[in-house]
Amino acid sequence: MTGVRGVHGFFHPKTGTGRSSMIPAPPWHYSGDLLTVEYRTDPARVAELLPPQLELADEDPGAVALIWADWQSCSAGRGELLDPVRAQYKECFVVVRCRYAGVTYSRCVYIWVDKDFAIARGLHQGYPKKLGSIHQTRPHPYGPAPRIEAGATFGATLAAADRRLAEVVVTLREPAPTNGFVNGHPMAHHRWLPSIAPGGGLALDELVVTGAESAEGGQAWAGDAELTLFEAPTEELARLEPIEPIGAYYRQVGVVWNGGTLLASGASGAR
Amino acid sequence: MTGVRGVHGFFHPKTGTGRSSMIPAPPWHYSGDLLTVEYRTDPARVAELLPPQLELADEDPGAVALIWADWQSCSAGRGELLDPVRAQYKECFVVVRCRYAGVTYSRCVYIWVDKDFAIARGLHQGYPKKLGSIHQTRPHPYGPAPRIEAGATFGATLAAADRRLAEVVVTLREPAPTNGFVNGHPMAHHRWLPSIAPGGGLALDELVVTGAESAEGGQAWAGDAELTLFEAPTEELARLEPIEPIGAYYRQVGVVWNGGTLLASGASGAR
Amino acid sequence: MTGVRGVHGFFHPKTGTGRSSMIPAPPWHYSGDLLTVEYRTDPARVAELLPPQLELADEDPGAVALIWADWQSCSAGRGELLDPVRAQYKECFVVVRCRYAGVTYSRCVYIWVDKDFAIARGLHQGYPKKLGSIHQTRPHPYGPAPRIEAGATFGATLAAADRRLAEVVVTLREPAPTNGFVNGHPMAHHRWLPSIAPGGGLALDELVVTGAESAEGGQAWAGDAELTLFEAPTEELARLEPIEPIGAYYRQVGVVWNGGTLLASGASGAR
Amino acid sequence: MTGVRGVHGFFHPKTGTGRSSMIPAPPWHYSGDLLTVEYRTDPARVAELLPPQLELADEDPGAVALIWADWQSCSAGRGELLDPVRAQYKECFVVVRCRYAGVTYSRCVYIWVDKDFAIARGLHQGYPKKLGSIHQTRPHPYGPAPRIEAGATFGATLAAADRRLAEVVVTLREPAPTNGFVNGHPMAHHRWLPSIAPGGGLALDELVVTGAESAEGGQAWAGDAELTLFEAPTEELARLEPIEPIGAYYRQVGVVWNGGTLLASGASGAR
């Protein structure tokens, strides 16, 4: 874009060339491994996380998915893959479901990532990202690491601000038709930014719907999970207390993300 | 805020209690040490970083301040100071000057920090923050570290994505009336967020003015700097090539930040 | 040392020039802030950490010092201070006392640091260092951070492997003649390395005595501590359970370390 | 080992139970991906890194292998794999060849890792480990990341102390019988530790030979590399200047390491 007067770049910092932007324009391409744990919590704990604009899902409103993902991601030019400090990141996120205008959506209510470009993408997509330290066992064809097969065990952990927030061990049991249902709808997310004026409410209050433009993936596997959530003074993940397990899943996927649609503006009711 | 229906929290993630918010509501309080290097670059290199809405400063339009800061910060309740992983962060940032509606402003054009709460504050304040690795020599009353006195030497470095971007050594010479002039005006910053729709332009495009609500500080010191900037494929800091030194400064300060004012919306001309 | 045939360098990697060595030869110079918490645990818990060669101290054998330190360190040439990523580190360590040949010594039984050069020094000095994430409130003359004065509060935390292991808040009360007694003797440390042959016992088994060659410091302050230790699967810090508080202290110091003396070899009785 | 009097643990810190040891006793099991670049440098640059006890290899004495590895590792009980912050690490290391007593050995002359347990293992094995930041593209079956196949490109980078030290892009060409020859011999390593007394020479000076107890692996692939080495004030990697490329390789492996043999003690001639 050099040569055109004015600043460019999909995200800040905007410059004459656009080259400094923390993230490139979509589409964004992803290769990754997903470890998913689904369980039921008290639906009131889910309701606490929904702004007035959204309602609980009609069916199974207390269903929660806690998902670890180990990603390599890049722009259309794929250059980040060859300087992998700019492509690789891990995340752990929590998805619930909700209803808006009669339609059921998935919604990410908490998410931790370990790179700044992932935080910037989240700001665009409405994922409420913080930094964390995320680890998950990787499948491998040789040595002690697990293959993706019956009996294989995968561990995953999440920490933030030097405190462990969650840990899980999943033992694979059998192939499965999906890797869960809670994260299976389009995402209804809010993009919120407070006004710069003190007490001025929200300067940006958008309800957007987003999802993968395209996706491919390998065989999903189902298994059993032992999950522990830990209290922390600045986190509320442990309020989504597991009451009843639903399932646990492993799947390798490829995904393309390319924007979304504005559903409503200025009406979330959030403060 | 518990008990009020709806989600709360100054920033995401918003919850029933607001306790999970990545940052608390302002005012934000800071204690820190500032190492400042001022120099002149080609004014055209500054102009490349200004959206059409802003003009170069009338006087000394090529003046640049490169500032390292070592902060402890907290909300009004000061609790973060006692869990210091949530209070301490370092940053390195670049300030230029510009004009809007006949008034001269300072403006941060690049900034790197090492904590997520600092990134979130930047999104609110219009600082274009990325993550980096930032280090600066600390003064100390005993042992080999420098006192703040004539002849003392302070080093500072910046890296991002595993590449060193800048390094400086400053030797203090004498007390000075200020620690520079480039960062001395109210800040004219943009808060930009792209539309969720592909190619949809900007969903948020605000020109805001912000600055310290109050500040105190110790004696400023002036000195001489040896500065080196390094090229990197995703950064353009080295385009702000030093042509002529202005000065170098050290100062310890306390600052309160408490919001700003919206100057204009939707008119930056940025793409 | 270039030009002399053979490899050089105080530590690995040894090269023709010695320039790559992870650490320079002593003396090593330090500027830092020490936050110390002393308490009594069951002396049997201290005894568990002593090899047969050492005995419990005669007086107050259950006394423990848990010390946080925020350091800038360098070799005699002081060059590291100007590239501060190579000079600054933080540590948290646990000191008990013991007796050998009728003399009372201090002894570090656990220690976590956040830089590799600090680990290398520990291998030389007999400090049993692991990596950790360590934070402590810094005093500052301006803004919300504390001055060193009555009523000031300092927090400090320790984490390793994404789990918090310890946290403390210390409130300063009054000037004090010392910053504790547990860490006040010369250190009796072991330098152990297993044989490369499986089951071959120890290849290195040295009892050494070390301590500061010289030290200076500011006024020590005494205060009160609220200390919490946390369990972790690969740590035993929490076994040193606090039964009775002794005191808490803050002091800024400068230290020079320059080697030690071999007391005994091959006789620790450790396995 | 609880209940037996005295301290236990394969490595420090030694305790009554041995549970705190930074590393468990061998055997150690590994799953990982190896990206290898082999080239010729001036043999004099290799000779500079060999103590007088060792000679240059007879054939191709200037051959160098620069190897990136992305590991999951564990003890015999495999528990670390399920708390993967304790199992996963990355490394970048440099291997040359040498002769001792008429036999050709491989020898690691530089190595950077990103976890403390890897540093501890290196101290036992004679690998001269420092901390670094290491990244390499991972193969993946879906999305933009490469499959292991002709034309696939893998990038890898190394940084330490906030400076990039090496980067490479490897393009796979065809299956190959091996993934190189420089790292193909048993390793002749030194385990050195200075005396605690200033100027006291070496307290430990062992020449050991080690290697995998067993290994398995997938099809090796050969390809072409674009390698860049960067200068840094505390590193000499760039002195091993590439003069002529040999080859580049990718291979996934499983390895067991279980100790080695002492070849000589006190005779390295290192200072």
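The first chain written gets the first letter, and so on, giving A, B, C and D; residue counts start at 1 in each chain.
Note that a contact is a pair of C-beta atoms (placed from the backbone, for glycine too) under 8 Å apart; a residue touches a chain by one contact, two chains touch by 3 or more.
Keep in mind the model is a prediction, meaning the values are calculated, not measured.
Homomeric contact chain A/chain D: same residue numbering on both sides for over half of the interface positions.
Here B-C and A-B were compared by C-beta pairs in contact; the pair with more is A-B. Separating the CA-averaged centres of chain B and chain D is a span of 41 Å. Averaged Cα coordinates give chain B a centre that lies 35 Å from the centre of chain C.
With centres set at the average Cα position, the gap from chain A to chain B is 29 Å. Touching two or more other chains at once are residues 83, 85, 133, 135, 157, 162 of chain C. On chain C, the positions that touch chain B within their shared complex are 29-32, 72-74, 78, 81-85, 87-88, 133, 135-138, 140-146, 153-157, 167, 169, 216-218, 252-255.
Within the complex, the chain B residues that touch chain A are 1, 4-8, 10-17, 19-20, 22, 25-26, 48-52, 83, 85-86, 109-111, 115-116, 119, 123-126, 128-131, 161-162, 190-198, 200, 203-204, 206, 208, 210, 233-236, 258-262, 269-271. Interface of chain B with chain D (complex): residues 133, 135, 157, 159, 162-164.
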